[in-house]
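Read through the structures below before going on.
Across the two complexes that follow, subunit A remains constant while its partner is subunit B and subsequently subunit C.
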Partner chain A sequence: MLAAVISLGSLGCFAAILLAMAARRFAVKVDPRQAALLDVLAGANCGACGYPGCSAYARALVAGTARPDLCRPGGPETLARIATILDIEVAPGEPQIAVVRCRGDRQQSRAKYDYQGLEDCRAAQKLAFGPKTCPGGCLGLGSCVQHCPFGALSINEQGLAEVDRDRCTGCGLCVSVCPRQVLALAPAGSHIHVQCNSPDAGRKVKNYCHVGCIGCRLCIKTAPECFVMEGFLAKVNYGHQKPTAMADAMERCPHHCIQDLAEPGEAAPHSPSVEERTS
Partner chain B sequence: MKRRSFPGGTHPPQHKSATADTPSEICPLPPELVIPLAQHVGAPAVACVNAGQRVGRGQVVGKPNGFVSVPVHASTSGLVVAVESRPHPCGAELPAVILQPDGDDVWAEEYLTQSFHVLTTETMLERIREAGVVGMGGAAFPTHVKLDPPHGKTIDTAIVNAVECEPWVTADRRVLLEQRDKVLTGLEVLQKISGARQMWIGLEDNQTDVAALLAPHCKQRGVGIAIMPAKYPQGAERQIIYAITGRRVPTRGLPMDVGVLVQNVGTVAALTDAVTRARPLIERMVTISGPDVARPRNLRVRIGTPVAHLLKHCGLREEAAKVLLGGPMMGTAQHTLAVPVLRGTSGVLAFRRQDITAPAVGSCLRCGRCVAACPMHLLPTFIADYARRDALDLAERFAARNCIECGSCSFVCPAGIPLVQSIRYAKGAILARRRST
Partner chain C sequence: MIHLLLILVGAVLVNNFVLARFLGLCPFLGVSKKVETALGMGMAVTFVMVVASACTWLLQYLVLTPFDLEYLQTIAFILVIATLVQMVEMIVRKSSPVLYQSLGIFLPLITTNCAVLGLAVLNIQQGYSFVESLVFAFGAAAGFTLALVLYAGLRERLTLCPVPDAFRGTSIELITAGLLALAFMGFAGLVPG
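Up next is the complex of A and B:
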């Protein structure tokens, strides 16, 4: 009994000493700031910063090879804490959110062909440039949904991508995945967006769908400077917003592609579907 | 006669009897020809005519733009109505010359008949280029580029590809039967230009009647006839080279790296017209077939004839649910019938709704049939899986880029998985990533 206790005890002590020596001798020197940074980062390992996970980003931050404002999920709070830890000065950018720039659902838009194949927008885009007549419309096969690390995206019953504003962190992964750039980042504080992504002239857009921007410029006439034209497509000038004028423009938009996304309950006035129109 | 093949491949039902033994007919001119400026691999031609201009048959309407490019010609005489974007078989709208035939069909200039023996190689290559000859098997690669290998590459074997392994399509067979002399002259031209010592005509064993007809002429010219078992994709370049010569084209290499030149039989016939008569390629053999076509047959079609015109001419049993350009294995489905026949269009196939029911997509059973069928020795199920998970590094390590997109794996998959589509996506994504870094 005693012999066993002594022999095992001494073995244990020997191993403990060995381990303690090894721990000291082979210790990996980690900058304490790296551990602190890892604590303040969002911890989603989303990869939106361009690094494989939060710890890699923390390492890059300490090494000084990464910009401090890349953690989109963390937002301004994380940025401020990163700045404190790294002892640098930063100006927080405005938080952003993903916006689906298309309202051309199954009813409103015209299909180019029946698509059977991989449930992936990028693969579908390779078949005659996508199954929708509109070259900019949401294909609704959910590549963005698959890639969103926060579960903020979904495809609704009508085959359009939808953003959950509460869950979206503005990381921008969906923007880089979408083969048609239907998704775009916009300031999270803005509610009014142009929900169309078609670059073509009105004559063509009318053929594609019933809710596309036809480039009539009515919004610009109603709310100058709040909107800008890019080719035949109106865009919100997010740097210069006047809520009342923009609400007017929203009312006057003939194809209802300017939408207030903060009030989703209100449905757009009925417009005839493509089927009704062509028959 | 040799009888060799390649490992892998599949045996899709052939459906060739509908058109194989009916002599071809001339397709009447459509009310409007749509002649795209991009009909070949390489830089598209640049339009050199304007709306309102009258052109003769065979007149150049698009000038080549660079070395890997060929001119585009008016397929008949008439009035240029417009130069504008029109639906192209690739799915996009691309610039095309719209021609209204005047019905006279007069050549723009007199073309002399000249023996090719007096011509130099340079003159012949120049004529081939000016005639706009491209690979008519489907790839539409400019022939003058293929015939003019860079220094240090010598060609010792030339193969005329008459395998036509795609089901339904019989255009190459009709060319071989009806334009035999042109093909044989083309062979001699090919031999003179390339300096090949060995010449082969490759056929599948369902074409032994053609082989028997050709045999005496080929023997006289020292051309071998290689009969290969009917198996898909026997007509693919690497597969036919391996079957006939036993040589393997390197992964990123070209047939010229192993001293071989492969030309489609239609191209060889077009080559004869280009060299001996300086006539441009404005017409080709097209198989109009499929279960929805009332009177399936081969037509000699002017380039630029809209598909709708061909289907109207041959009659449809009911409204087509799917129309393919090319064969059913590698052809492309069209979303509009306004697309024209191009130089590389071998067939127009129409299917009814009941012919095209796609199998329900299930999960991979790990049965390995795609692996056995792949003629490129790839593991399609693995690559497709990596593609779906965006694991591009793994897809690349499993040689996704070697895929020739023949469709054998998708065809044999009992779970109906769109394997080729996944692999094609991976190939595109790998290339895009390579370009961006």
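Up next is the complex of A and C:
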């Protein structure tokens, strides 16, 4: 009994002394700002800043090798607090949000073949460039859903990705994971978006689906400068928006691919499905 | 020499620590989401196992046996291993930040891991000499790493598979681990004795 107490006690003391000495001898100085920054960052370890986790980003911030505005989930609030800790001045950028640039659900778009394989858009894309005839349409297999660290994405019943505007932080992970760049970041303040991603000319797009942008330029005629053309695809010029003119353009878009995403309750004007048209 | 080789192969394949002895299941299930992290964990375990088996062997035969304190083996080994890992972490952090980046986060995870303690106890139970125990430790750690990396590779593919709802998550992971253990049963009888 006594031997046990003495031997274990001395072993413990020896270990403690050794550790105490080691702690002093091998002490590493850590900038106190690093811990403070880690508290301020969003803590989602989403990797949107390009660093592996929040602590790596905090370290890069202290070292001065990273820009302070990279924490997307944290938004302007976090940016302001980072600025106070690092004692620098920054101008907050506008928060962003992910937008699904496709409305071609199962009824509206034409399939190329019946895909049965890995439940992953990137795998499907590798098989003859995806099971949709449209080269830019949402495949709806949910790669973005799997990668969203905030649960802001879902695949709806019609096989299209949907963004929950309240949950989306604009981190952009889904944009980088989507093999077709269906998802894109847009300013969170703007509601009207062109929901099509097909780069092809009108005749081809009409073959792909009934809600694709055919490049008719009607929106540009209605609201000049609010829209721009990229090839045969209209895009919102987010730097130059006029709400009323854009609402007009939305009404006049023949394929209803310009949508106001702020009003989910108000469904788009009825466009007949594939079955209705062919019959 | 052949004797040492047999110990090594026996520890890596036949009596694999994870899949045959069922030691170290916690990191096996916890750190096996990515092959990359699994490799890092494997390296850290290898390092700690070899150093720990050397220290505990010395402790057993220089302190515990001469003073008839063998019954304190378990608690003394835990104490030594925990101290050792803590100290190694400090030293690595100071002397090699690059190594700390790759191994550092895994070190605290294996401080009081059952695989490490099991190895130390097995060394004594089998009556290994100092060199034999080092070889055994390296083999056990290599076997652990092998199992971890194989399992991580399986899990990476599993995330893309259409698994039935009832099997999603932990259940399919445990089934996979069981199948992997079954596969390793095929190595039984490779080393005589």
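Keep in mind that, in the parts below, the second predicted complex is superposed on the first by the 251 of 279 C-alpha atoms of A that agree within 3 Å, B and C clash if a C-alpha of one lies under 4 Å from a C-alpha of the other, contacts with A are read in each partner's own complex, and residues count from 1 in each chain.
Following the convention adopted for this analysis, contacts are C-beta pairs under 8 Å (C-beta built on N, C-alpha and C of every residue); 3 or more make two chains touch, one makes a residue touch a chain.
This structure is a prediction, so every number in the text was calculated from the model and none was measured.
Visitor: Between subunit B and subunit C, which one contacts more residues of subunit A in the superposed model?
Guide: It is C that touches the greater number of subunit A residues.
Visitor: Is A:28 in contact with subunit B, with subunit C, with both, or with neither (first, second, both, neither)?
Guide: Second partner only, subunit C.
Visitor: One more residue to check, A:123. First (subunit B), second (subunit C), both or neither?
Guide: After superposing on A, A:123 lies in contact with both subunit B and subunit C.
Visitor: Check whether A:113 is in contact with subunit B, with subunit C, with both or with neither, and answer first, second, both or neither.
Guide: First partner only, subunit B.
Visitor: Which residues would you name on subunit A as touching subunit B in one complex and subunit C in the other?
Guide: 118, 120, 123
Visitor: Considering only the defined contacts, which subunit A positions touch subunit B in the complex?
Guide: 112-113, 116-118, 120, 122-123, 126-129
Visitor: Considering only the defined contacts, which subunit B positions touch subunit A in the complex?
Guide: 90-92, 332-335, 358, 388, 418, 421-422, 424-425, 428-429
Visitor: Give the list of subunit A residues in touch with subunit C in this complex.
Guide: 3-4, 7-8, 11-12, 15, 18-19, 22-23, 26-28, 118-120, 123, 146
Visitor: Within the complex, which stretch of subunit C touches subunit A?
Guide: Interface residues on the subunit C side: 63, 67-69, 71-72, 75-76, 79-80, 83, 86-87, 90-91, 93-95, 159-162.
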